[in-house]
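Have a look at these structures, which come just after this line.
In the two complexes that follow, chain A is the common piece, with chain B as its partner first and chain C second.
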Partner chain A sequence: MRVIGRSFETAMRNEFRMQSRRRAMWLTMLGVSTLFPLLALHALDERFAQEGTLRAIADWTNFLNLWVPIAYGIVLADRIPRDRRLRMDELFATFPTNQRYRLWGKALGVALATVVPLLLVALAGAVHISLRLHSAEVMKFEVVAICVILLPALLFMTAVCLLLSTFVWPPAIGFICAGLWLFLQVSPTMLPSLANSLMSPTGSYAIAGLFHSDRGWAGTQGLVPLGPLGPAVSAQSGVLGPVLVTVLAAVLLGALPAAAGRRNPV
Partner chain B sequence: MRIHIHELTKTFPGGIQALRGINLDIESGMFGLLGPNGAGKTTLMRILAGVFLPSGGTVRIDTWDLAVDRDRTAVKCVLGYLPQELGLYPDLRAREFLDYIAVLKGMDHTPSRRRRVAELLDTVGLAGDAQRKLGTFSGGMKQRIGIAQALLNDPRLLIVDEPTAGLDPEERIRFRNLLSDLAGDRTVLLSTHIVEDIAQTCRNLAIMSTGAVVFRGTAADLIDAARDHVWLISTPGPKPEGNLTVVSTLNLGSSVQYRVVGEVSPQVQGQGVPTEPSLEDGYVWVMRSYRDAVSSAVA
Partner chain C sequence: MRENVWFLEYRLLTWRPAGLAAAGVGAVVSLALVATLVSSHNNSTQLLTGGIELGLPLVAGGLAALPAGHDSARELQLSLPTPYRRTLLRRSILAAMWPALGMATVSIAMVTTHRWMSSAGIVGGQLTWIAPLAWSTTMCCLVTVALRSYVAALMVVSVLGGVELLIGSIFRDQSWLHPLYLPATTDTLAHSFWWSNRLDLLGTAVVAALLTGRLLRRPECLLQEDAA
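This part shows the complex of A and B:
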């Protein structure tokens, strides 16, 4: 049991280290997450001033959440194929310890490292809003918004992209990530999707239920109920949505060792 | 450790037969596995390391049977493996990498693990580079880190696959010496297509070709196999004809000296001087004989 914990912890620590030392990761994540907010700074400022503190924070976090998970997924996508390319997977296959804990540690390590630049940008945005709105509560709300909007979305993308990378050609993963994330933001009245449902990783229920904003809602239909997956908006469903997305991501990550092992030549 | 391989076969999806009924007994000490690219050496190494499962036949390492899951795990506990062209993680420092691998090998006692990492960095001559990122290492330094990771668990069985490919001559010699020093009472299995590596390090060896073992014996046996079949032919004219394999060509200005292996034809025998065979000549002779035997069997 101790060895299992050690494998998980050491894989997480070293993958975090490696991902943190990638200049390309910092450039991509900081570039993508700051470019659009800076371009739209004036318009955003006006909107935030009209919305008030709580909605402004949801709006800002949702603004990041609109496209940043795509770049995040792309940055993560080469981590598992890289082990194959470097022949590290062949080496790992000769070790007596179970490799599934290493893989889960790896997933968490790269995810945490890639989240850091996004958190910095999200918090920097919150500081800006706090100064504009003269509200000290902004930082507290931003932490909640990160936990219920941004992190479940990123965890979902971690699971999807790492799982895809076990059987899809890595450069194609970028297109799949982009397609999937945009598809999840298309109104379900146009295309059947998880958008506007409790399972939607775009955070619509958290934004509506906890921040009283419809910014996260896909399409122009307002708060469209979708049967059992789209209950009424409330504080409870605002919490339940992110929890379900986290569970969905955990289930997908649970399948990661089996998917990666499928490529193992044994 | 004693390795007993009996009628070992490996067929990959698509019907590619990489190993065809290998029989081999390997005792403690350095053992060389020679053969051209595509001979099946890497497949055999991977089976012994537990990366591949055999399609047929048996492999026993001491009392462990590699077909049994539990036995395979037991072998992995005493195994050190250096795969061909191991890339390493370029963003990790040498010490961090070895520590990572040590944990994954099951060494969970931190002080003794750190001691072992420091000791091995010293053994492979990289103690001064412990804090450098692996991405900045030369090919030879990477191979030395590769061998250090293989030795972390003080393995009784060490498998190294083509470790000197791509190294400059000095690094190759250094790496060969390192392997010889490490052998001790371990079983070290060295796979290569560079005859010189085997000549300098292994007393016992096998030659593989097209998934089969075509020679098994000592280095002296291999040299003996080519006795009376190696000639030096000096000629001002073109390359000697006949069923010969030219091992080396030396331009002497007015003439060219060819070192040839084969059943020298009477026509060139007058110009040819028999010479003492080397291990390389033995290798060429065995491979020639095997190819001839296969050709005549097919015909």
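This part shows the complex of A and C:
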């Protein structure tokens, strides 16, 4: 048990350090996540002033959530192929511990390191809103918004991109990742995107149920009848949505060692 | 001999760029078909135009930058009499050829089925896909070489495409951002600056290509950030 714990912890720590020292990661994540809010600053400020504190926070976090998971997923997607590129697979196979703990540690380490610049930008935006709206409650709401909107989406992208990277050609992952995320954002009345379902990783139920905002697609009658996956908007469904997305991401991450093991039998 | 080099490079690329381009065209056409079949308001023409104007040019950009991003024999290339930038140019053209063919095919199909959206006619309207293709391929190569990271280039183009699709008003409402706006045909509100936008995209592509060539003269550009 101690060996398993050390294997997980060492992989996580090493990957966290490696990822957090990549200049390209910081440049691109900070650049991408700050550039578009700055370009839309005037329009966003007007919207925030009309919406009030709670809905402004949901709007801001949802605004980031529109495109940031694409960048996040692409940055993560080269970590597992890198082991293959550096011919490390056979060496890892000689280790006494099971490879699944190393892979989960690697996934968590790289995810934690990549999420840091995004959290900084999300909190900086909240500070800006707090100053504009003269509200001290903003930071508290932003922490909740990060936990129920941003983090489940990023965890979902972590699982999808790492899983894809075990069997898809690396340059294709970027386009699959972008295509999938954009498809999940499309209006459910235009295409059957399931953006209005409880399982949607775009956080539509949390936005509507917990923040009373209409920025998501929750509660919209789409092209596909959703049944139990399209309940009425409420605080309960607002909490259940992110929980289900987190469970889905955990299940996908659970399949990661099996998918990676096809190339790397231990 | 020169034809042999092109043929050898073509074979080295394997089937993957063609497969990715085919998957991209397939996805765009499938979405348009789904929209035709299930949606009450028919968006298939807009989806096809968006595909050749935004989606497929970004695929072409990612493929064109791939040779600049990954080459295990990069140091060997420096010792050869052929300049490395010429090898990269040849490889990038071959890699981007497949999505370009896909876009040409879709545009011909759109013209023949009377789904052509461009207000500039059929001949001038071909800039709908040619200008974003030139911009995306050259810009991806420039970002890959400048930041020494293919992942960074892939991320920049994917995010730019996503943002332009979801919140295009940022680009439409600010005139200084018009030269960066790829879906100016798909977005009917952007038709007022269509010609200037296309010429800006082509001009930016020329500048990006020249800058990439300039950067490739520096051997230290060959050290990759992605190796970390």
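Definition applied: the second predicted complex is superposed on the first by the 255 of 266 C-alpha atoms of A that agree within 3 Å, B and C clash if a C-alpha of one lies under 4 Å from a C-alpha of the other, contacts with A are read in each partner's own complex, and residues count from 1 in each chain.
As a convention for this text, a contact is a pair of C-beta atoms (placed from the backbone, for glycine too) under 8 Å apart; a residue touches a chain by one contact, two chains touch by 3 or more.
This one's a predicted model, so the numbers in the text were calculated from it and none came from an experiment.
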Inset, instruction - Label the relationship between chain B and chain C on chain A in the superposed model as either fit or clash. - result: fit
Legend entry - Which partner reaches more residues of chain A (counting touched residues only), chain B or chain C: C
Inset, instruction - Name the contact category of A:Ser7: first (chain B only), second (chain C only), both, or neither. - result: first
Inset, instruction - State whether A:Leu191 touches chain B only (first), chain C only (second), both chains, or neither. - result: second
Legend entry - Partner chain(s) touched by A:Arg102 [first = chain B, second = chain C, both, neither]: first
Legend entry - Which superposed partner A:Thr94 touches (first chain B, second chain C, both, neither): first
Inset, instruction - Applying the touch criterion given at the start, work out whether A:Met18 contacts chain B, chain C, both or neither, answering first, second, both or neither. - result: both
Inset, instruction - Please work out whether A:Leu39 is in contact with chain B alone, chain C alone, both, or neither, and reply first, second, both or neither. - result: second
Inset, instruction - Pick one for A:Ile74: touches chain B only (first), chain C only (second), both, or neither. - result: second
Inset, instruction - Could you tell me if A:His134 is touching chain B, chain C, both of them or neither one (first, second, both, neither)? - result: neither
Inset, instruction - Quick one: minimum Cα-Cα distance, chain B versus chain C, in the superposed arrangement, integer Å. - result: 5
Inset, instruction - Return the residues of chain A at which the contacts from chain B and from chain C coincide. - result: 18, 21-22
Inset, instruction - Please give the residue numbers of chain A that touch chain C in the complex, ascending. - result: 18, 21-24, 27-28, 32, 36, 39-40, 43, 63, 66-67, 70-71, 74-75, 77-78, 82, 169, 171-172, 174-175, 177-179, 181-182, 185, 189-192, 223
Legend entry - Residues on chain C engaged by chain A in the complex (per definition of touch): 16, 20, 23-24, 27, 31, 34-35, 38-39, 41, 43, 55, 58-59, 62-63, 66, 147-152, 154-156, 158-159, 161-163, 165-167, 169-170, 173-174, 177, 225-226, 228
Legend entry - For the chain A and chain B complex, residues of the former touching the latter: 2-3, 6-7, 10-11, 14, 17-18, 21-22, 85-88, 90-97, 102, 265-266
Inset, instruction - Sort out for me which residues of chain B touch chain A in the complex. - result: 46, 49-53, 73, 76-77, 79, 81, 83-89, 91-92, 96, 99-101, 103-106, 108, 133, 149
